[in-house]
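Chain nomenclature is as follows: A, B, C and D, assigned in order of appearance, with residue numbering initiated at 1 for each chain independently.
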Amino acid sequence: MPNKITFCLTVVFTLSAAVAAIRLRNPVHCALSAALAFAGLAVAFLGLDAEFIAFAQILVYVGAISILSIFAVLLTRGTEVEPTAAVFSRSWITGIAITLGTAAAILVPIFSSSILYKIAPAVASAPVQMIGTELMTHYLLPMEVMGLLLTSALIGAVVIAMSDRPEKKDDSSHPSVTRYPSAESKPATKRDLTTV
Amino acid sequence: MSTLRKEISNGSFCGGIDVDSPLRHFSGATRTTNTNGFAHDLLEISMGPHHPSTHGVFRMDVIVDGEEIVQLKPVFGYLHRNHEKLAEKNSYLGIIPYTDRLDYICSMTNNWAYVLAVEKLSGFQATERAEYIRVIVSELTRLFNHACLVGFLLQDMGALGTPLMYAFREREKILDLFESLTGSRMMCNYMRFGGVRCDLPEGWLDEAKKVVSDYPGFIDQFEALITGNEILLARSQGVGVLSRELAISAGVTGPMLRASGVNYDIRKTDKYGIYSRFNFRVPLGDHGDVFDRYMIRVLEMRESLKILEQALNQIPAGPIIDPKAKNRGLRPKAGEVYSRIESPKGELGFHIISDGSASPYRLHIRPPSLINLTILEDMCLGQTIADAVIILGSVDIVLGEVDR
Amino acid sequence: MKFNFQGAGIVRGFVETARNFLGSYYDPERLTTVEYPERKLALPENVRTVPFLVYDHDMSGLRCTACKICEQECPAACIKIIKDTVKKSDYLGKSQFQPQVFDIDIAVCMSCGICAEVCPFDSIKMDQVYELATQDRFAPLILHKEQLGKSNAYFHAIHPTDAVETDSLRDEAKRKAETKAAADAAAKAAAAVKPKPEISTTANSQSVGTSATANVEKAVAT
Amino acid sequence: MNSLDQIFVTLKQWLLSYVPTDFQPVGSALLSIVAIIAVFGTAFALTTILERKGLGRIQNRPGPNRVGPCGFLQPMADAVKMLTKEDIVPYAADKVLHYLAPIVLTVPIWLAFAVLPFGRNMSAIELDASIVFFFAVGSASELAVFMAGWSSHNKYSLIGAMRGIAQMISYEVPLVLSTVPVLMLSGTLNLNEIVNAQSGFSFGVGQWNVFTPWGAAGFLLFMIAATAESNRAPFDLPEGESEIIAGFLTEYSGFKYALFFLGEYLGLFAVTGLAVTLFLGGWNAPLAFLNVVPSWLWFFAKFGALIAVFIWARGTVPRLRFDQLLNFAWKFIVPLTLVNIAVAGIWYFSSDHLAYAVRWLICAGIFLGFYELLGRFLSLKRAPRTYRYAE
């Protein structure tokens, strides 16, 4: 019974955070609400006794992904809300179509899956050690492929970021020197300086 | 493009603010495009006049791109106290205490610069002993000014006051000397036309010798604490580079100029007072960056110690003031004079025009802090906010002197 | 002796701060703070804060003659003097004005000591009190004659060298004045035979004049 | 000896015996919470005063010594001052986020203490992946820093916040990576088991991880990353008082500021506790005969010593610049942690073939060689300077 209450609370919390993430007008608020929704998901995982997944969810999604989305929001400078902007996007019909399609794509396999008719094991725990062993043996190839993909993405990001900054000009061509026109014409010698 | 314009005219830098908010004009942000065509925001920050590291009430109007400075406007005048105008109402003697308050760290050198100008105007000559005393107190001033400067510089760099406290510990010893000599620690009001106000108290020379002989230990300690520190090197080398040409054409003087590699020290070029009798060298830097300015000050402290050792040993007995020199009710004949000395911060000059009355017709001060500050933007462009703070720290300004 | 590995500079800094930290427990050089209200440093003799007026014996013996030189010379213009209407006899026997009002606004005073330097009568001197804070920033910071007047003994206590020198100068001036007075009395006695009253006044003012010059020189020289 | 060692465990069991069986798990949790809040709340108060006194001593001055005996009531005075100060919220601030930020910082940090073993049988909850839990709850502090800086609507705050997030994300990587060798060689993610793995003695000296080359290197790297992660000098850029006033804290006052202050110190305590647990043998005694001293006392002794190191660093080094800070993380610390993982692998696989001392020297040599080379390479631009003198 207490588990069910916890579950319901978590569901309400997570869903409202998710709705807020979509509906709030300020993108920064949206990003923070998304972080809350991620945290709610982590609690749901905990309710399933999947400790490792729950902590990884917080570590990766709350700690990194949401921060990244905040960075993205700030860098694209989308935080200004125009007062005249419509609440709904004009392309909402397309949006609904995509949403329904995605939901169907997820829901159909779930309902047709045999998992629904399985009886849940008494202790549904996945020890960390088991996860690690499985990742390193059975799922080694997918993991390596993912690692490769992420690395190449990382390198790509670095390359894009590197070309952003123009080469620094050297000091001799500093534009402000020309503000003092006598600078080039007068060589600095001791004699020049001693005259008052 | 139209939305872009709108955002510029809205001028707010990030969310959380209503476009109709009366506060929106506080945030001045403009949008530019860089070479790659990415649009990005410029942020205007008003650093100061109430800012922890602007060394008083000084303001830097900074426009940054990220943390990189693209424009910097120094704004001063917040500490303007009318010293030059006050001088026109005061007697020549009564101006001396006001000079204490220009560069309130180094009252002795300020006194000297002013007194030297009046002596030049009225033809007085300081006595032999007074000349030695002047050199001694001025070099002591240079010692603790440089110590404090490097302390403040490291404070600006975030060293939480430890180097500053060590510098202050040594400064206290010198201030104690000044207190027993002149009666005041900082506002010494010590020099007079033709000499100095009072003679050295008994045992003062021995105490001064002790302070001077202990001082190298302090510099060694200080250098062990910080000079080799990799963070200091990384923070200060190549930061705030001031080229030799720019330094000369902008009229920069003092350790800042010498850090840029220009051999110019008024103690050597003008040989005012009795500096020609002492054997000392002028350290010169090659890079003109913050680290060179730091090192030049450290090295100058060591050279000042040499002068002090010679002066303390050679000081003759005799009168401390020329009895012919008139201090109260001085009315120098009409004329104009400019006199300068090497103050710890640079060339400190006094330009006095006398109309023969009891007060100067006009007194103008050439403050090294102000002149050295004018090129702040040139040193800061392309650097970050954190750099601007230490570049300002390395200029060595005292706002009392900048704003007068 | 210098090890140069990466980070050596930082390590040396750590050693230095550790030395200072440990040193603060046994080396007074490394714990220089003076805990002020409990412990006060002895002030050097030359220390000056705000001016005070010296009197001999009691307030009626105030040395000030309301000559207003200090008022004129004060760079901050913080001194206000109003002459009394009646003259009193000073220590030389010469009748002099005393100040009816002598106010110093120590909120304005910048403790430069020029008033003490220019005073020809050794009357105004620099005090050494430094706990001057008040709760009201106007009235209590204007010191009146009664607060400013302090005894010669106090002067001796805070500036012994200067006080001894001043006293010897004053004693000498007094002795001279007495000799003069005696000479004058003799002259008077002689003049009683042949009366010529103008001489005595001239002689008297002459004697005051010399003592004043001597004092000015002394004030400049110290 | 055993009774003193287990005194808190016994006390808790004795108290729980008065609680109905159904509520015992809740009661146990509540007791642990009370104990943790009491102990680390006191530690917070003590650290603030001891830090100021220690810094004072470093700077040739006695530090605060006016309030109470030797100034030890100063935290009380500070608390009274903080709580009675006006709580100012800027007009243009995002009020909800401005209000929530200190809470978001402080609350998750308390959770981190749940998994730390403070003594034998003394950890609040036993988790299989307790170190993952620790890092997970710690990651919320980045959000709090961002919320505080962004919601204040102050330029300094915003700069501080951006510095804060970039710094904390960058240093989270080496922080986690530097713990990897320990996890590899202990073969567990459970902090209690990691401590148990260090409980042996060889020649009477504790088998702590820090006494191995990869452990010593990992410890140093972990401490550097922890300093940055908890925004302490020389990595206090998000606050950087000489540059950006107080960074993301600029617009905070009164109670909220106090909460931030508390949160920062608790974060420091948490990572320090983790450093003790991972590298310094947790609650184990350093020498075999010192086992008589209660285990929790050992934990807090090591904890205090590490806090002192943080204070010492704060009194010594200047602050880095922002780009240097990130370069230091990505170009120096992260590669070194990776090298250290490799060194740990070499250490593990060479155990059968080489003598202990040889193994030690080889592993230390590899790490130090990389350290020196990488350092040289990164500071190539800096040549030693000489200065000319003019006569």
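Quick note on the criterion: contacts are C-beta pairs under 8 Å (C-beta built on N, C-alpha and C of every residue); 3 or more make two chains touch, one makes a residue touch a chain.
This is a predicted model, so every value here is computed, not measured.
S.K.: Looking at mean CA positions, which chain is nearest the middle of everything shown?
M.R.: Closest chain centre to the overall C-alpha centroid: B.
S.K.: Taking each chain's centre as the mean of its C-alpha atoms, which one ends up farthest from the centre of subunit D?
M.R.: Of all chains, C has its centre farthest from that of subunit D.
S.K.: Weigh B-C against A-D on C-beta contact pairs and write down the one with more.
M.R.: B-C
S.K.: What whole-number Å value describes the gap between the mean CA coordinates of subunit B and subunit C?
M.R.: The separation of the two C-alpha centroids amounts to 33 Å.
S.K.: Rounded to a whole Å, what is the gap between the Cα centroids of subunit A and subunit B?
M.R.: About 50 Å separates the centre of subunit A from that of subunit B.
S.K.: Once you find the CA centre of subunit A and the CA centre of subunit D, what distance in Å lies between them?
M.R.: The computed centroid separation for subunit A versus subunit D comes out at 26 Å.
S.K.: Centroid from C-alpha atoms only, then distance subunit B to subunit D, rounded to Å. What do you get?
M.R.: 41
S.K.: Can you list the subunit B residues in contact with two or more other chains?
M.R.: 14-16, 162, 166, 169, 225-226, 229-233, 263, in rising order.
S.K.: Among the residues of subunit D, which ones contact at least 2 other chains?
M.R.: 58-61, 150, 315-317, 379
S.K.: Give the residues of subunit A that touch two or more other chains, as numbers and ranges in rising order.
M.R.: Residues 28, 74 of subunit A touch two or more partner chains.
S.K.: Please give the residue numbers of subunit B that touch subunit D in the complex, ascending.
M.R.: So the residues of subunit B touching subunit D come out as 13-17, 21, 23, 26-27, 43, 45, 51-53, 67, 154-162, 165-166, 169, 225-226, 229-235, 237-238, 261, 263, 265, 268, 281-287, 291-292, 295-296, 299, 384-387, 389.
S.K.: Using the touch definition from the top, list the residues of subunit D that touch subunit C in their complex.
M.R.: 54, 57-62, 65, 312-313, 315-317, 371-372, 375-376, 379
S.K.: In the complex, go through subunit B and note every residue touching subunit C.
M.R.: Its residues touching subunit C are 90-91, 93-98, 100-101, 162, 166, 169, 172, 176, 179-184, 187, 189, 192, 197-199, 201, 221, 224-233, 319-321, 323, 327-328.
S.K.: Show which residues of subunit C lie in contact with subunit B when the two form their complex.
M.R.: On the subunit C side, the touching residues are 6-10, 12-13, 15-17, 20, 32, 44-48, 73-75, 110-114, 117-118, 126, 216-217, 220-222.
S.K.: For the complex, give me every residue of subunit D touching subunit A.
M.R.: Within the complex, subunit D touches subunit A at residues 97, 127-129, 132-133, 135-140, 142-143, 146-147, 150, 162, 165, 169, 172, 188-189.
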